[in-house]
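Let me begin by presenting the structure, written as structure tokens, before commenting on it.
Chain lettering (A, B, C and D) follows the sequence in which the chains are written, and residue indices restart at 1 in each chain.
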Amino acid sequence: MEPGATAAQIGTVILTIQKFGGTPHTLHNDNRTVIAGIGLSEAIEPGMFTKMVGVERVSGIHQPYKLASREIKTESTVINVEGAAIGGETVIIIAGPCSVESRQQLLETAWAVKEAGAKILRGGAFKPRTSPYSFQGLGLKGLELLAEAREATGLPVITEAMTPEMVPLVAEYADILQIGARNMQNYGLLHAVGRIQKPVMLKRGMMSDVQELLMAAEYILSGGNYQVMLCERGIRTFNKMTRNTFDLAVIPLLKQLTHLPVIADPSHATGRWDLIAPMSRAAIAAGADGLMVEVHPRPEEALSDGPQSLKPERFARMMTSLQQVAQAVGRSL
Amino acid sequence: MEPGATAAQIGTVILTIQKFGGTPHTLHNDNRTVIAGIGLSEAIEPGMFTKMVGVERVSGIHQPYKLASREIKTESTVINVEGAAIGGETVIIIAGPCSVESRQQLLETAWAVKEAGAKILRGGAFKPRTSPYSFQGLGLKGLELLAEAREATGLPVITEAMTPEMVPLVAEYADILQIGARNMQNYGLLHAVGRIQKPVMLKRGMMSDVQELLMAAEYILSGGNYQVMLCERGIRTFNKMTRNTFDLAVIPLLKQLTHLPVIADPSHATGRWDLIAPMSRAAIAAGADGLMVEVHPRPEEALSDGPQSLKPERFARMMTSLQQVAQAVGRSL
Amino acid sequence: MEPGATAAQIGTVILTIQKFGGTPHTLHNDNRTVIAGIGLSEAIEPGMFTKMVGVERVSGIHQPYKLASREIKTESTVINVEGAAIGGETVIIIAGPCSVESRQQLLETAWAVKEAGAKILRGGAFKPRTSPYSFQGLGLKGLELLAEAREATGLPVITEAMTPEMVPLVAEYADILQIGARNMQNYGLLHAVGRIQKPVMLKRGMMSDVQELLMAAEYILSGGNYQVMLCERGIRTFNKMTRNTFDLAVIPLLKQLTHLPVIADPSHATGRWDLIAPMSRAAIAAGADGLMVEVHPRPEEALSDGPQSLKPERFARMMTSLQQVAQAVGRSL
Amino acid sequence: MEPGATAAQIGTVILTIQKFGGTPHTLHNDNRTVIAGIGLSEAIEPGMFTKMVGVERVSGIHQPYKLASREIKTESTVINVEGAAIGGETVIIIAGPCSVESRQQLLETAWAVKEAGAKILRGGAFKPRTSPYSFQGLGLKGLELLAEAREATGLPVITEAMTPEMVPLVAEYADILQIGARNMQNYGLLHAVGRIQKPVMLKRGMMSDVQELLMAAEYILSGGNYQVMLCERGIRTFNKMTRNTFDLAVIPLLKQLTHLPVIADPSHATGRWDLIAPMSRAAIAAGADGLMVEVHPRPEEALSDGPQSLKPERFARMMTSLQQVAQAVGRSL
């Protein structure tokens, strides 16, 4: 639409899209309202829209992911979470334990990562585990502890939702909902988070390519939830010296293809605490909008992912060096 | 338990396992009842059970998958579905269209594959698709058509369930529930099919190793549903000349490690109709207990997976050659 | 050329190709002589050849591999090695130890595999080893022992050449030269075996796709050595339960794309002796023209590849079952 | 040996190692001479050496790569090439065209990259190509042009040697010999470059793990050539949006395991010029000692690798940003 398009003009376009069987999605880009008509038959004459008052330009989207594409929205999306602007100039650090294990463990970690400069607290309440006999997370109790840690420290929290029916409950407690790598193509779950109005972090599956990741994001966006951020967390390859292979080149690639923020998770990507600092620096240098890092006060006692968790002191030391790399690429921490 | 153990003797062992915090699972093996005490503390003295009347032997299970392991059940599991004994001497052929598209398409295919010797009809009603804008299946209508095809032809049917809440509905219509490759580690869904009493076919994820597949099966078994069959359908590798890489060596490997039946899916593994026949022969020669093959009367019009679908005539011709290979390895079709 | 083309007619075409800067290669197909003019400028008018006497038809080759393609030679190539016709109706079994270790070990194995039905003896004299400090093979002594085993048993032998300068020496002793997987794109070596007139077995690199394999074969063929057979020996993937992933679907795929014989190596593909028999059956069912299998009288004492070597008794038992599968697919052993 | 060990004391240790069948290698570390006795029987009593005069300490090396290991040499190796100290505080940039194509192309590029701050000129004279019919490099003429460019600009040059017999010739012209990814396990070639006294850059194979890379380096080191640098250039995975997958986590991993310098090659790793700048920044942030980047004045006319070549202007712009990242991690350019 033209910069000064009125509500009535916008409404007319929306109604017309609906009339012809399409689903209208309204996005903001470059001081303009952009209206995507998803599902409109290709038989429809674009000229029909061109001549409407207030319409600046009509164009098709060539990528199979429509709402996620830079074609429809050239401006980068910034997601605001309690003061943290994800996708903006500042590189946002998300940190915390893999699993919420106890009040003390969570609060101790929360205060430590906040002091070191983290902006968001992570912690798993429901844990997807390979074995049915492993620790499966504290569940509701974990969510309550996360809420308590938020109250105490002021840090917004991110935690994972694993099934569609779990989404409303998790959304009550969390500031950001995480979709885990194993669930990237769990379409029921994607539909469920597409119907809420809370930010979602979608982790790339360990076997998924860039297009599949963007199509999975499209499931959420097309449900009407436009606050989606993507997360590269390593892919599975023949190389077993690291837990996964950190596919950092997808970061600048995603920044070309989509307007959505891109986070990197060096903890799952490498699986080794001693590689977290250099790979965090590398991820920021590659253009990541944020990092998600596992921190645990006593990694050797962690109920999950101990070998890839940083101690708070190491995390704090690393933050200083990240600050320098962020500045070298024109950003701050 | 000893071969002639009484109900009271079995009951005593079960109650004792529960008393010490374990979950008892009762399996049948070699004319004996085997009772697995999952989750019993390792501190418990095995001698406690050894001296009980009717107990033949007490032993630990070393594999992380317990109920799926050949250690606990050396006898192969045979799953009976309306006359088809999956895991027995006969190699069971499952065939049908990728998606249920219409009454005519389904019935035409069902009669054709039945005549050619298939024992079970496949057909997707709910389809997991990479794009939210692709055909997602006929849904409930598809389930009804499958039921109609079963009535007409007498073939039992297998179809996919994609979310936990969908399980009871699908279980009402289908004889076997399929868990798709993308959902192999969708734990909510595995829990849901673990609570029903219908056979489940669990497809290997495209980047899952053998242990992860068996651990996923363990989620279902530990829920109390022991009718689980596994399916190799190709893994994702650098080789893109075929849709996936058919990892046939896992078939004899799985047969060593687990008592569960193993099916092979040459259609998804290769993605090319012209490789289905040789790779079906190879899968039977490698020891598969069954095959699942996509057949469509007019592949060029298929709404999904056309390039990997066989026409009914080719399917029938292939069946003759499969019969010969089955006999060469001491089985029938 | 037409079926009855004369030497003079053929010679004229050859000279014309050379005159215009091309390299002529003369192949036999379907009772005809086929002359490939490799490197002819695309600017050359095909009509120039069409009107020559004795020319039946002129056509381009679309595949990047020219001489290896089924386009130029629809008839399967059969390579005769001392009575073994590789690529014909009989599935040829090549067997023997990974490394030649001693006269006794080699002769004992050679007699055993011969008795069980193997047609060719394998044995490494020069071994490519990951570590410079591992056993590197007996070298010349190994070649002499292979020659002695051939004299004794009448079995032709295959052994590996690792460097260009080693080729003439190995060609003196061996009936077939093997190019190992690590050397599939060692172009100096490919050039060297392209200049001899002995059959060559080219193993697929563990990271190579089908087109790269055929292009590597093209290096040998374009050097003037047309006796090339290909060997699938497993690719490297994330799956580590087997040494490599046996990519059997490339066997029927290669049979479509090329006229060259295709051998399968279940020993390197799986790395586990207990999977050799089922995967050998699968390879024959998939259409392999031959198998190469490691056999060692005392695998636990082998200087290399013990865990994947069959004992002679097991090998003999396996051969019986291979015979049945070969018959099931219309071949013999 | 002790810091002030005399030549006679060192000589005695060397002779003793030889007397017992070992190969002595003399390295310098931390103001000490370290003598590695490779191939000494494990039966030899370490005490024999401990009591020799001038010996400070005797210890075993646990890694299978001995001379490449940080265990034997804790100090990082610095390789000096005409003023460029590779492995030191400065990150060394190697740049130039994929192939040497003409005098003008090479000199134009050489001056441009020198001006932008590159320290070493790259350019292929012998090119390993997938197809025997593709441009194979200018050969000797290419080497002469490289020598001319070195004379003109003062930049030392690196170029690839592909066969053992080619090594002396290439060593005459080049300052650093490159072993390509396809040849990482070409043991004849590794032996050949192990016998010269020129620096060697060993590129990681596209499906080689870290240990295989270090064992390949060990082939060169154990030949007596200690000037080896390693190069990460991407591995082959299922992800085809980039030419390879840039496995940056091996950079800090290699820096832990070995004292050899580690270079990164973003051009081959990504295959896309538009990803070179961010991935070069990432590689430096991850700890690379240098980069190798393809630059071509007219990429659209390049005879090889055009799509991944930077134009000189872009290269110069990138260098400014690399300088900033290098400083952020405590290094210079």
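The working rule: a residue touches a chain if its C-beta (ideal position, glycine included) is under 8 Å from a C-beta of that chain, and two chains touch if they have at least 3 such contacts.
If you're wondering where the values come from, they're calculated on a predicted model, not measured in any experiment.
Enquirer: Report which of C-D and B-C is connected by more C-beta pairs in contact.
Expert: Result: the pair with more contacts is B-C.
Enquirer: Identify, among B-C, A-C or B-D, the interface equivalent of A-D, where equivalent means over half of the contact pairs coincide by residue number.
Expert: Repeat of the A-D interface: B-C.
Enquirer: Measuring centre to centre with CA averages, how many angstrom lie between subunit B and subunit C?
Expert: 38
Enquirer: Where the centres are mean C-alpha positions, what is the separation of subunit C from subunit D, in Å?
Expert: The answer is 35 Å.
Enquirer: When you check subunit A against every other chain, which residues touch at least two of them?
Expert: 207, 211, 236-238, 240
Enquirer: Could you classify the connectivity of these chains, where an edge means two chains touch, as line, ring, star, complete or other?
Expert: If you draw each chain as a dot and join those that touch, every dot ends up joined to every other.
Enquirer: Under the definition above, what is the set of subunit A residues touching subunit C in their complex?
Expert: Against subunit C, subunit A makes touches at 236-238, 240.
Enquirer: Mind listing the subunit C positions that touch subunit B in their complex?
Expert: It is residues 207, 209-211, 235, 237-242, 245-253, 256, 269-270, 274-275, 278-279, 281-287, 321, 324-325, 327-329 of subunit C that touch subunit B.
Enquirer: Help me check something: in the complex, which residues belonging to subunit D touch subunit C?
Expert: Interface residues on subunit D, with respect to subunit C: 38-39, 64, 66, 128-133, 162-166, 182-183, 185-189, 205-207, 211-212, 215, 218-219, 222, 236.
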